[in-house]
Structures are given as structure tokens and as C-alpha cells.
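Following this message is one structure expressed as C-alpha cells.
We call the chains A, B, C, D, E and F, going by the order they appear; numbering starts again at 1 in every chain.
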Amino acid sequence: MRQATMIFPILFTFFLLLSSSNAAVQDFCVADLAAPEGPAGFSCKKPASVKVNDFVFSGLGIAGNTSNIIKAAVTPAFAAQFPGVNGLGISIARLDLAVGGVVPFHTHPGASEVLVVVEGTICAGFVASDNAPYLQTLEKGDIMVSPQGLLHFQVNGGKASALAFASFGSASPGLQILDFALFKNDLATELIAQTTFLDAAQIKKLKGVLGGTN
Amino acid sequence: MRQATMIFPILFTFFLLLSSSNAAVQDFCVADLAAPEGPAGFSCKKPASVKVNDFVFSGLGIAGNTSNIIKAAVTPAFAAQFPGVNGLGISIARLDLAVGGVVPFHTHPGASEVLVVVEGTICAGFVASDNAPYLQTLEKGDIMVSPQGLLHFQVNGGKASALAFASFGSASPGLQILDFALFKNDLATELIAQTTFLDAAQIKKLKGVLGGTN
Amino acid sequence: MRQATMIFPILFTFFLLLSSSNAAVQDFCVADLAAPEGPAGFSCKKPASVKVNDFVFSGLGIAGNTSNIIKAAVTPAFAAQFPGVNGLGISIARLDLAVGGVVPFHTHPGASEVLVVVEGTICAGFVASDNAPYLQTLEKGDIMVSPQGLLHFQVNGGKASALAFASFGSASPGLQILDFALFKNDLATELIAQTTFLDAAQIKKLKGVLGGTN
Amino acid sequence: MRQATMIFPILFTFFLLLSSSNAAVQDFCVADLAAPEGPAGFSCKKPASVKVNDFVFSGLGIAGNTSNIIKAAVTPAFAAQFPGVNGLGISIARLDLAVGGVVPFHTHPGASEVLVVVEGTICAGFVASDNAPYLQTLEKGDIMVSPQGLLHFQVNGGKASALAFASFGSASPGLQILDFALFKNDLATELIAQTTFLDAAQIKKLKGVLGGTN
Amino acid sequence: MRQATMIFPILFTFFLLLSSSNAAVQDFCVADLAAPEGPAGFSCKKPASVKVNDFVFSGLGIAGNTSNIIKAAVTPAFAAQFPGVNGLGISIARLDLAVGGVVPFHTHPGASEVLVVVEGTICAGFVASDNAPYLQTLEKGDIMVSPQGLLHFQVNGGKASALAFASFGSASPGLQILDFALFKNDLATELIAQTTFLDAAQIKKLKGVLGGTN
Amino acid sequence: MRQATMIFPILFTFFLLLSSSNAAVQDFCVADLAAPEGPAGFSCKKPASVKVNDFVFSGLGIAGNTSNIIKAAVTPAFAAQFPGVNGLGISIARLDLAVGGVVPFHTHPGASEVLVVVEGTICAGFVASDNAPYLQTLEKGDIMVSPQGLLHFQVNGGKASALAFASFGSASPGLQILDFALFKNDLATELIAQTTFLDAAQIKKLKGVLGGTN
């Protein structure tokens, strides 16, 4: 230990030299949700105010409420909910599906997704650009990947509730739910009919269900 | 000119030194459609076989055939049609819309799009992830951008045929047409109903139109 | 419709659950030109203040003024002019060339370019790193790609004025015009001579034309 | 249905026009492990031979064998094991930790990681470049992110076995285990001592445990 | 010269047309260290305040102080020290190694490194993920590359002091020094022992040397 | 040591479990110059045939021959010369400048450059898109950055020969030498005059020097 004591002052010099480089290190960029956002993500919190809690998120430990028409719930931990992933190219969401639950057709414009089934049985599928469907019934522990931007869905095909986690290769993968995009806004029924070939009656019915107008 | 003759042998040495670096230059990577493809695009043609025609494409000079139900035609110049753009992060397509023509709701999973109207009037729109629609009637020379992966459409809202070019920030932006993805394959009607909330009768009708089964 | 009314409150719950994820979606990042800029582009406007006009630009509908020595005009719709493309990896510019018009040798340091000829005839060309020129006379509807960073030019080789659009795989492709870079500043004539092999008289003549000094 | 039959031939034309663009779509790039690999990942399987099984992996449904000195097992589903994620910027691994199990200090040179605890309790931690440790005891459902390239570890701090999934923002995140890198090869003991400040006896002891030589 | 005078006013018009595009050019993004930082780097200084000194750094012209226990000094010119490289994907550092000097095992989480030896002889090495070491004694003018995120070191193996420059493919490559990450903080000795297999005595000894606690 | 012997078989199991993940690690991608090239770089050599020499390059240890008209030599270590940097986003070149030596105006279309002066004095400069020149006389140890794609040059402004290293943020940064691009090929003199405003006599003179025709 004597030696240690002796060399400590010298090593400290070494540390000083290097510490300026450490200041340059951008190991992470915890989102400061109040600061300006840029194309690459949210601004970073000042290093001095970063805490371990910024890298930990407990919101996925709680089951989502599936008492709704789709008997399903999606709980995201994207950069807006989980600031620690900002700029790191990764995020995650929890999926709860009661018996008969459905996450309807949707896309993530900004990332591919890997789904891992933790409880129950889920029928998952995506449709490729050549319109070929890729469907699979996933048991506990199975994983399936849905490529970026393609329409996909999840259905609880089993007799018990199902739990899964969906990982994304972006901190802000986005989420566009097909039915909501078409029917949960004020797009004119006629325009939707023209651009989807759906019957006006069908469109009006779903607008009624989802709260759309026009 | 005498001087030039004198210094030529010396400069040639300079050229020789630098020419090895030129061999390293990957100015472009013209697609060799027959070679293995990778995540970043097609393999490159051997430099010696690259010709100016690889960088030029005349296919967009010809109007697409709009004698179809949507009265519209899309002619792409993506890397698969136009090998010169491979790896360069850019591509383009020609849109022809007869009076009443429609390019129905679709997405490009791999790129954002800028549409420029060259003839006629086009009503273009996209829907954001929060379900807000962004619609605009575009006159000749107007441009509109549709962000990557979001549902969008084009409709000829005028009294004459319309022509537009759509540029993409990828050599292979992809194209998923909503109706085709849902109705032009063998996805079970019941599964589509479950994941879109559409009525079975509506689904079967469109499957009939588009050639889908089940 | 009764059914719809019945299930509406339940679906609303579903919407609430998902709406937090929607807040995380970065579909787009409309440039806030007054806020700090970063390496990936301009800061984003607050989502609440984004309007459809941010995604539409009408400036390219107007012919540029070609009453100048090069008989040509370039009208850009880059992120600084067209904030909607910020962060989306795409932008566009309008080229007007009167008879005999020329866009002289230039580079775009940040993106490759696809040129589409809409009216007239344009002789376009680029020079590769191995000094090989790639030239083509483009008719209406023809397209040509110029790889990122390489010297290229456009000349109206026809008997009528020409119109083209140039698309770029970046929202801020940049533009360095060779003659301006060399002769439209205060670089010493001697230094330019040394680094270009041009004669001093030639340099001084072009400095005179373009407003350079020294 | 009659109407459908009538318009079918016309729509087919539309499909033909678009199908060439579909050929250009690179929705995914399932790894062909036998073909040449490039910097962006493995070569793609021919589209015609892609099957749904390429996007599904069942290997994570089986508990890893924790009958080893660290009482832990890591089962990866990276591109080399799960070809469907190739080029999609995402992958996943299963972690099994028996009571007292440890995944020792390691880095992933190519990606950040999000850990989600599915069973049991895990103490996870990483050390930042400024040497600050970030430690947290994670319960079921908790998640924690470890930024790219930083040293991190997982320890089962509970009284039951633990199960977790680690997601990565790359199809090939890499894995460098500190002890293996230092002691499980033929690096000379003296050189390790010089570059780690560890005592030679300590180095030789761990070389013995891990099978290193010299 | 007359001709020049004549055409000047016309060319000026050309310049005006193009100058708006020049405003859009993001040639560089000199770091404004006081403004918010984002995932892609520091905010940019206002163009008007950029000066040539932003692109030049003289700090590497001075030898680092090697009067310390490792007989070595690292002087970085990363974005935090050299604002001109911000956003440009490149940075550099100076390495001084006295006789017997050592830069101990470390990683750069954010970039690969090319080392060029300018004076003396350096033994450099990295360890790959499969634990294979790659070692080489480098003479003046030799270069060696260490791939991103892998453990590597440099040792002055010669009889004179050595000087090298390390280039990085990132403006903020980061630097995690193994010994500092393990021993220069308050990580509990027991936890380090558990996650490194090192003996507690060894850990305590190095904590003593480096200033760690617990 | 007994303990070590005892636990070795168990740890070996641990190693086996992890070794499959190691196979997935793409630490590096040493260029196989004979295999197909893609947009992201050269194909990778098979891991089994990678050797330390792939990561080391001695070609920069030898002074380039400056007995030429520019009294300068550039020796690149790009991916084509130094396969170890392939895919790693970094490369380097050696610059030798005799007294009065000049590296004339050139661009690197694919990367920014950091120049470090090792011997002598170099006047370096680049021109930004707004035509502003940034010039600096660099002494030994000084560094200067030239942003991607911008015209820049180096001149030996001192009384002794100069040596520098240029680092690039790409394994294949490219190199377009202005004079060679304009005058060392068969571009018609008239076309060059039209697109550069240079006089035909000047063009013909330089074509004569550099070996251009037409």
C-alpha cells in the first residue's frame, strides 16, 4: 500500500490529462423533454443532472388495462416516456392481450420490431410489399421480427391472457394504427372511399365507432 | 507548349502515386442485379463495365397507361430499374393521373417522398401518427413532402390529366399499397375483420375486386 | 350504429393508453429556423404549431429569372427554404435554363442528385474521381444521377428554354460553385495560381467578372 | 360481385405497372449465412426462398443451462442465429441466471442494450466513461438501458432464478467479455500486467481458470 | 476587362438567386459548447461567428506530460476540445509515451481508431470478441487500426520516447479506461469481485492506487 | 489452482453457450478485394483467414517521391490499400511536400479530413459554400479540419520539406483533383469553357500539361 500512496499524486496527473477527454465523451444523451428537439432526437440533459433513474423505467412492470373493445393494451417505453434511450437507437413496449385481444394492423414508420412472447400464445403477422403475408403462432419464448414500416398485427389466439414485449431499433419508432389513421379524424368519407375503395357505409360505421367526423 | 511537354513525364509520376488512391474511390456503386444483394443495397458492377447509360434512365419519359380502374399509373426508377442510384440514397418515380385518377393510400417503408406537380392539379395528403390529416391541392410547380412510412395518397382533382414526379431519399424506398396488402392475398377474411374492424362482406367484396382469396 | 355508441367509451380507453406513445412519435421535424441548429439539421417546431403549409412549397412554381450571364437560374427548396423536409433526407431544386443557359461546374458536398428534365433538352455531365467524364443529352422525361460530391454541370443544348428538377438525398445537400469558390473571394491570385495551375491573367480576369479581389 | 369481375382485368394492368416497383422493394434482407458478408451485414437470401420461419426464432423459448461456474447462460438471437433480423438494426438475447448467477463485466461494441426482467430480481449496472457507476436492482417488468460500448454486468440478487431478455439496436451487437478478453488467450502475463496493473499472480490464477496460456 | 465590367451586374443577379441556397448549406457545424447538445453532437455556432481558428487546433503541438506512473499522456482533440470537428465524423488525439510508457487497456465506445507512429516504437494491440489478440510492434510511419469498442492498448517498447497520433471516425469517440472504470469509483469490492473474478485483495490494492472507495 | 482445475469443465460449458454469439460478432470486416463490393464497402474476408497484418500497414513509413512538378506526393491507406479499415469509417493518407510543394485544389466526396503536420510548415485552406476561404499556416503538431466535399489544398510554405498525415472519416473517402477532373480527360475544350468560364487557350494549355485531349 505504500507504493500506492506514493504513486497516487503522479497518477492524478494522468487523470487530469485524460479528464478533459472524458468531458468530450457522449456516452449517452438522456432526453431533456423541455428543450428543443432535433431530427436525431431530443436534446440531452446536462451531464451533472443525469441519475441512474434516467436509465431505468418501471412502467412496464404494470399490466395494461385490457378492459376495452380490443381487449388489448400497449404500454410504450420510447424516448418520450423513457428518456434514457434517447439517441441510443433502441426502445421497447409492453403488450397485454386478454383472451381474444387484438392489436390491430399498424406500422412503425421508424424502426423494425422484435416481439418476444412472455406469457400465453400470440398469432402475429406482417404483410410484405409484394402483399405476401407472414403469419405465425408464437408460444412462450418465441420471437418474431416485423421489418420497418410494414403493416403488422398481433392476436391472442390462446385460452389465457398473453404478455409480450416488443423491441424497436429506434428510440422513437413511431406508431400509426391503420383504423385510427383512416377513421379517427375528419377526412371526408368520400375521399377515404376514393383512396381505399371501401364503401361509404363501412367508412361511416367505423368513423362512428372511433370518433371520426365528416 | 514546350514547357508542357517537358513537365509531362514528371507529372505522370504524380499521377501514378495518386492513381492507387483513385482505385479506392467508391464514387458510385452501379447495381449488379445478378450478384448477391446486401442490407445496404445491390452489389456494385465492376468499375470497368460502368457506362454513362448506367446513370441515365429514359423510362420516365413515357406516360404510364392510365386505362385502369384507378385511372393512374406509377412508373418507378428505383435501384432495381435504375441501377445507377444504388447506394446513393435517392430515387424517383413518375405519376400519371387521368381525370379522376387516384393513387390509393400507400406507404414507403424506406424513405420520405417529395412530390412535384408538373402538369395539372393534384390533391395530395398524408396522415400523421396522431391521426391528423395533412391535405393540399397542388398546382403545377408546387411540391409537397410526405414523411417516411406514413400513409399518403394522390388524387387528380382537376379537369385535365396530371403528371408528377415523386422523389425519394432512398434508392429502394419500397411501396406498400394498403388495399393490396389487405385484400390481394390469402389472408383469411375473419383475420382481416379481426385486425381491421371491417365487415366481412366489405372484405370479401374487395378481395373479389383485387384477386384475393380466403 | 347502436353498437358503435356502446363500444365508444371502451375504445376511448384504448386510445388513451396508446396516445402516450403517439406523443413519442417523431414523424417529422419541421425546421424552426430561429432555434439552434445541430449536425443533423435544424431544431423542430413544436408539434402544436405545425401546419400543412409546412409540408408544401410553392416557390418552385415560378420560373427563375434567366436574364443573367449564364442564362440560368437555380431555385432551391432545401430545409432553409422548405422547413418541412428538415430531417427527412430529401430536398429538391428547380432549374431554369434559357437557350444557351449553363449551370457551371459545381458540387453538392452532402448528397447525390437526380435530375429530371421537364421541358426542353439538357446536356448534363459529371466527372468521376478517375477523371472519366459521363455526359448525356437528356430529353423531356429523361433522368440522370450525379453521385455525391462529384463535379457536374448542366447546359441547355436545345433551341428552346429548358426546365428541370433536381432531387437530392439530403435536406441540406449544399452547393459549391467552382468559379465562385475560386474567383469570388479574396484568395490571393498567386495562391490560386499555385493550387490550380491557372495563369495569373486568367485568374484576374475571372476575379474581375465575379467580383473577387486580391 | 359482377362489378368485381368486370374491373379485375383493368386493375390487373395497374398491378403489372406497379409490380416492377415491388421487385425493387427491400423490405428485409434475410441473411444467407453461406454468401459473402459485408460491412452492413450478411448477404440477402433470394426473395423466392424466404419463408415465415426466417422471421421466427424458437431458440429463446428454452432455458439456458446455468450449471456452470457463473450460474448463468446467455442465448443470443443475433443475425448469425436468427437470419431474419439481418439488416434491420435489432436483435435480442435471453439471459438465465440461477440464484447467485452472474453475467460478468462485458461490452457490446456495436449497440446499446435494453434489459427487461421477466422473472426474478436482477442487479444490473454499467460504468460510464467518467467512471461513474449506474446500478439498479430491477424487479419483474423493470427495464434498464446500457449505452453502446460501455462495461456492464448483471447479477441475480434474489432468492429465485431470474429470466430476462436483452434487446440490442443492431442485428450483430457483438459481445466482448472482459475476463475472456484478458485471460482466455495467449497474451503474455507480463503484458497483461503492464496494461492492466494487475499482479502477475492474479493474472496467472485467472488464466488457469479460463484456459489462457503464457 | 471591359467585358468583365459589362457582365458583372448580370452575374450579380445570378449570385442573388443562388445565395438563398447557400444559406441552406450546412458545410460544417462548429460546436457551440454552451448551447444544448443532441444525440448527433453539439449545437452549431451561428455561421456569422465562425472563424478559421474554429477549424485549427494547436494543442497537439505540445508534448503531453509523461511524468506519471504510466509514463504516458493522451491529449485529445475531440469535439469538446476542437469544436470544428463537431458533426464531421472525425477527431484525433496525441499520444506521448516515455520509455516504458503505457496507455493501459481501454475502449472507444463510439469509433474505430487508426494509430500512426511518428517517433519511436510502439507495441499496440487489441483483443477481438472471440478473445484473439492482435499485437504488432509498430515502427515510425506504421499504422494500425483498432475496431470500434474493442479493448486495446499501447506500450512503448523501444529505448526512446515515442509519439503517435490516433485518429477516430467520430467527433466524440469516447474513452473508457478499464482500470478507471473498475477501480476509480465507489463500486463495492465484493460486487467487482463477483463480476470480474478478481480477488478482493487485488481490487482493494488497485482502488488504493487509483483513488477508488468501498 | 486445484479450484481452477475443478471449475474449468463447467466454465467451458459457459463458453460454449456464448461462443455461438461470438460467431455473430462482426468486430471488423477486413476487405476481400476480390469479392463483390457493395454500397457499404468491400465484402469481408472469412474470419479464419484474418491475420494481424490485415490491421497493420507499413506503406506510410516510406516517404513519397516528390520529384515531380508539384513537388508533392500523396500515399493513401484507404480500404483498397489497407483492407483492415473496410467498414470501420476511418482511413489515413501520408502527404510529403518538398520545399515549394503543392497538393492542388481537390475534394474528398465521401469524408471530412483532419490534417496533422508532423514536420515542417504547411499552409492549408478550404473554401466554404458561401465562397469564404479558411486559410491557416500550420506548424508542427497543428491540426486543421476540412469539411466533407469542400475544395481544399495544401502548400509547403516553409524552407524545409514537410510531412503530414490526413485522416478521413470514411474507409473510402474518395479524391477528386480539380485540375485532373477538368483537364486530364477528353472533355471538349468548348464545353469546359462554357462550364468554367475559362478561356480556351488556358484550357488547351493545361490539357497539354496534364495529357487531356479535345
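Keep this in mind: a residue touches a chain if its C-beta (ideal position, glycine included) is under 8 Å from a C-beta of that chain, and two chains touch if they have at least 3 such contacts.
Fair warning: this is a prediction, and the values are worked out from it, not measured in the lab.
Between the contact lists of chain A and chain C, the overlap consists of B, E.
The minimal number of chain-to-chain contact steps leading from chain A to chain D is 1. More than half of the contact pairs at A-C come back, by residue number, in C-E, the repeat among D-E, C-E or A-D.
The distance from the centre of chain C to the centre of chain F, each centre being the mean of the chain's C-alpha atoms, comes to 27 Å. Rounded to whole angstrom, the centroid-to-centroid distance between chain B and chain D, based on C-alpha atoms, equals 33 Å.
Multi-chain contact residues of chain A (touching two or more other chains): 22, 25, 27, 36, 38-41, 88, 109-110, 128-129, 135, 147-148, 150, 174-175, 177, 180, 184, 205, 209. Pairs of chains meeting the touch criterion are A-B, A-C, A-D, A-E, B-C, B-D, B-F, C-E, C-F, D-E, D-F, E-F.
The touching residues of chain B, when paired with chain D in their complex, are 36-41, 64-65, 67-70, 72-76, 78-81, 93, 109-110, 172, 174-175, 177, 180, 184, 205, 208-211. Only residues 1, 3-5, 7-8, 10-15, 17-18, 20-27, 29, 32, 35-36, 38-44, 86-88 of chain C touch chain A when the two sit together in their complex.
Within the complex formed with chain A, the residues of chain D that make contact are 19, 22, 25, 27-28, 47, 52, 55-58, 60-62, 77, 82, 84-85, 88-92, 94, 111-114, 116, 118, 126, 128-130, 134-136, 138-148, 150, 165, 167-170. On chain E, the positions that touch chain D within their shared complex are 102, 104-105, 107-110, 125, 127-129, 131-133, 135, 147-151, 153, 155, 174-176, 178-182, 184-187, 191, 194-199, 202, 205-206, 209.
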